[in-house]
Amino acid sequence: MSVLRAAQGDRAGAAPANLHRRAGVGAGTRLRAYAARVVPPLVLLGVILAGWEAAVRVFDIPFYILPAPSRIAGVLAGDRALLLGEAAVTLGEVLLGFAIAFVVGVVLALAIFSSRTVERAVYPLVIASQTVPVFAIAPLLVVWFGYGTLSKIVMAALIVFFPIVVNTVDGLRAADPDMVNLLRILGAGPAEIVRRVRVPAALPFVFSGTRIAIATSVIGAVIGEWVGSTRGLGYLMIHANAQLHVDLVFAVIVYLSVMATALFWTVSLVEWAALPWRRAETAAQAEGEV
Amino acid sequence: MAAALEITGLRKRFRRDGEWLDVLAGVSFDVGPREFVTLVGPSGCGKSTICNVVAGLVRPDAGTVTVSTGRVAYMQQKDLLLPWRTVLDNAILGLEIQGTPRAAAHEEARAMLRRFGLEGFERTYPATLSGGMRQRVALVRTLLCRRELLVLDEPFGALDAMTRAAMQGYLLRLREEFGRTVLFITHDVEEAVLLSDRIYVMAARPGRIRAERRLDLPRPRRATDPGVVTEKAAILDLLHAEMSEAFA
Amino acid sequence: MRIARRHLIAGGAAAALAGTLGAGGRTAAAAPRTPLTFMLDWFPNPDHVPLYAALGAGYFTQAGLNVNLEVPANADDPLKLVAARKVDVAVNYESGVIFARAQGLPVRSIGLVVSQPLTTVMFLKSSGIRRPRDLAGRRVGFAVSGLEEALIDQILRSDGVSKANVTLVNVGFDIVPALLSRKIDAVVGAYRNVERIQIEMQGQAVGMFAPERYGVPPFYELVLIAGDAAIAARRDVLARFVRAAGRGLALTAAHPDEAFKHYVRLNPKLDDTFNRRSFEATLPAYARSQHQLRERWAAFSGWMAAQKVIPSAVPADQLYTNLAP
């Protein structure tokens, strides 16, 4: 055993104690690392907002063309209840639409992956479905699914569907064929191979697609609301616009932005929690190992 | 005693760039129980194809492969550790597939990992390990499979010299302990001479056995031993003759 | 009320080009003409015939004006751009002016195009609806205009029914398909000279509730707007514009065929049966004079405040100016 240790020359650290020590130092460095991630975008955002406010005042831009951030902040505070209420409706549509698209998308991806016939027949249609502009589909959806929440959910689902399918298929195909062979040699059956190798290998891709999808699904729900609904942030936006409440329109945009960003980061957080091995991978890469 | 592995008249062609390539043109050899047999040859002589055939991944066009001990354990140059499994879980992969309960498998694996100097790393992920450590885990996994015949296809090829030497030592000691049969592939002649009971020298394009060498050298062997040096020189001569023919 | 009219081709580009080319063949006076940007409220449609008649007959040119006609990209552009002094004059709605002024935009009405209400609550005769209370328990569609709930509320209340008894459904821009597909039973904001014609051309008969008959103060459907600052600085120019527009209206009243010919010449794609029939349905509603009545503005502003679509009534003096009585 000691023969091996002496011959190692591994930078990974011979003794487990090293590992623990590195982790222990974490507390202070982790805080610093967190700050390093969060502070720059916040600072940049602050600069942009300050510039915006200044521009509005200096150039005397009328509020109905471009409201100043201070004005928008006033609406965000004053109409808090209204905005939160409508945001809840839109969020509901987004989450439901996403859930449906995720399930359908993953199932379809598995089908495309397992059958060449399905792939040849279905994949081109999936891609084509994305090229139709969202605005053109929206009225059709309303005709088919009515003016209620369902058409908004379907709208969000349609937008989410494509990145999920594509990324999942790519992920399933990403498994190292040598790993697949290894499992075959070890005696694993095809279902076991899918379970033990293909699915875990596909997960990072699925998360990647999900991250993109969920942020853009907010747009889908909003457009769905534009063409047929009486609740939600999209509806509030056009209603405010019709009454020339331009600062309320901007407040809605802020909400939509925050919603999409929050959903994006939630997915990242879930991935971080669900895939501890990815954390190890990124950490190793960061330190220049591997 | 019946051979652990017997191969007769193995033929295999692959289609590459629209042409048929004869990778193996009638290969025959055998490996006795508990023997350490190495195939040495230039690249392109079909060593890996032979491994794939023995492991059951590729079907030969002609010839027979008889493995008297059931399935084989196969290890390659790539460690093929599943990145989403910890070291311990990677080690028990074979056992898990065979149906061993996790607790028992974990215990066995822990013991083996300790012997390989990997104690304390059971819960780490492969991404944080160095190449040498990962290959060690792969070796543990291979050995835990409880299969009599080990097919090792250039397993130490990607490691640095010092780690390779250590791993070779390991392999030998563990073979003594567990008494497995080994079919070893390498292009490193010295490695072959240090480890093997018998060596088959192969020729390339098409792949075939050129010569067989029986090594009656005492163990442990060192690179500076005169017997080792002589044997190595002889085999290198054979290989050089091969290469000159190929380039003529 | 701004209602999208899907059938009307966006001959906007052609219209704008035609606008800048000015009069049909008459040479300008020797004096250089004052340029003026003029934005419609929406795509060219039969509501605008008198304006195109004025353009085509050279009335603007004769008034010493070089009118550059534009079609808006968004429905709220005219109000915002006039307020921001990027556009000199625009077409808009009485409610639009009131909404804008309630928000502090410095715009007001300086003239009239369509002085009678055109918007209605419309339904298929086959739905069996005869009076507002028949809408109880039914689905009423609307396109978002800011005023739809107020209108339906007024009409229902006048017949003893509360707005809570109907389901309001936002049908986006396509109100005719919504009605014809029977997904909704009635629609708020359909025009008696547009959607009615469209539906009749599909072979269906319609019934309508005219808001002014159910307690909504009569309002000017289409007005000409300008910014306070522009009125202060260029009052004379704007007055000339309004007078020239008035001449276009007079021509339309006296010789409708001739007026329509100008419209079609400047918008060749709009030379069809629908436009013709829509124009004929609009004839009774065009303004007869450019004199705006204070009571009208005050009453409608008060009604909007009572309906709580604006926080408080806007004083009529802020809403209009008669430039060419």
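Letters A, B and C name the chains as they come in the text, with residue numbers starting at 1 for each one.
Rule of thumb we're sticking to: contacts are C-beta pairs under 8 Å (C-beta built on N, C-alpha and C of every residue); 3 or more make two chains touch, one makes a residue touch a chain.
All values reported here derive from a predicted model rather than from experimental measurement.
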Would you identify the shape of the chain contact graph, picking one of line, ring, star, complete or other? line
Identity of the most central chain, Cα criterion: A
Centroid distance [mean C-alpha coordinates] between chain C and chain B, Å: 86
Rounded Å distance between chain A and chain B, as computed from the means of their C-alpha atoms: 45
Where on chain A is chain B touching in the complex? 1, 3-5, 7-12, 15-17, 19, 176, 178-179, 181-188, 192, 196-197, 200-201, 203, 275-277, 280-281, 283-285, 289-290
For the complex, which residues does chain B have touching chain A? 55-57, 71-74, 76, 78, 80, 82-85, 93-94, 97-98, 114-117, 119-121, 124-125, 127-130, 132-133, 136, 145, 160, 162-163, 165-166, 169-170
For chain C, which residues are in contact with chain A within the complex? 2, 75-76, 79-80, 83-84, 99-100, 102-105, 141, 144-147, 168-174, 177, 181, 183-184, 309-310
List of chain A residues in touch with chain C within their complex: 62-65, 138-139, 142-143, 146-147, 225-230, 235, 238-239, 241-246
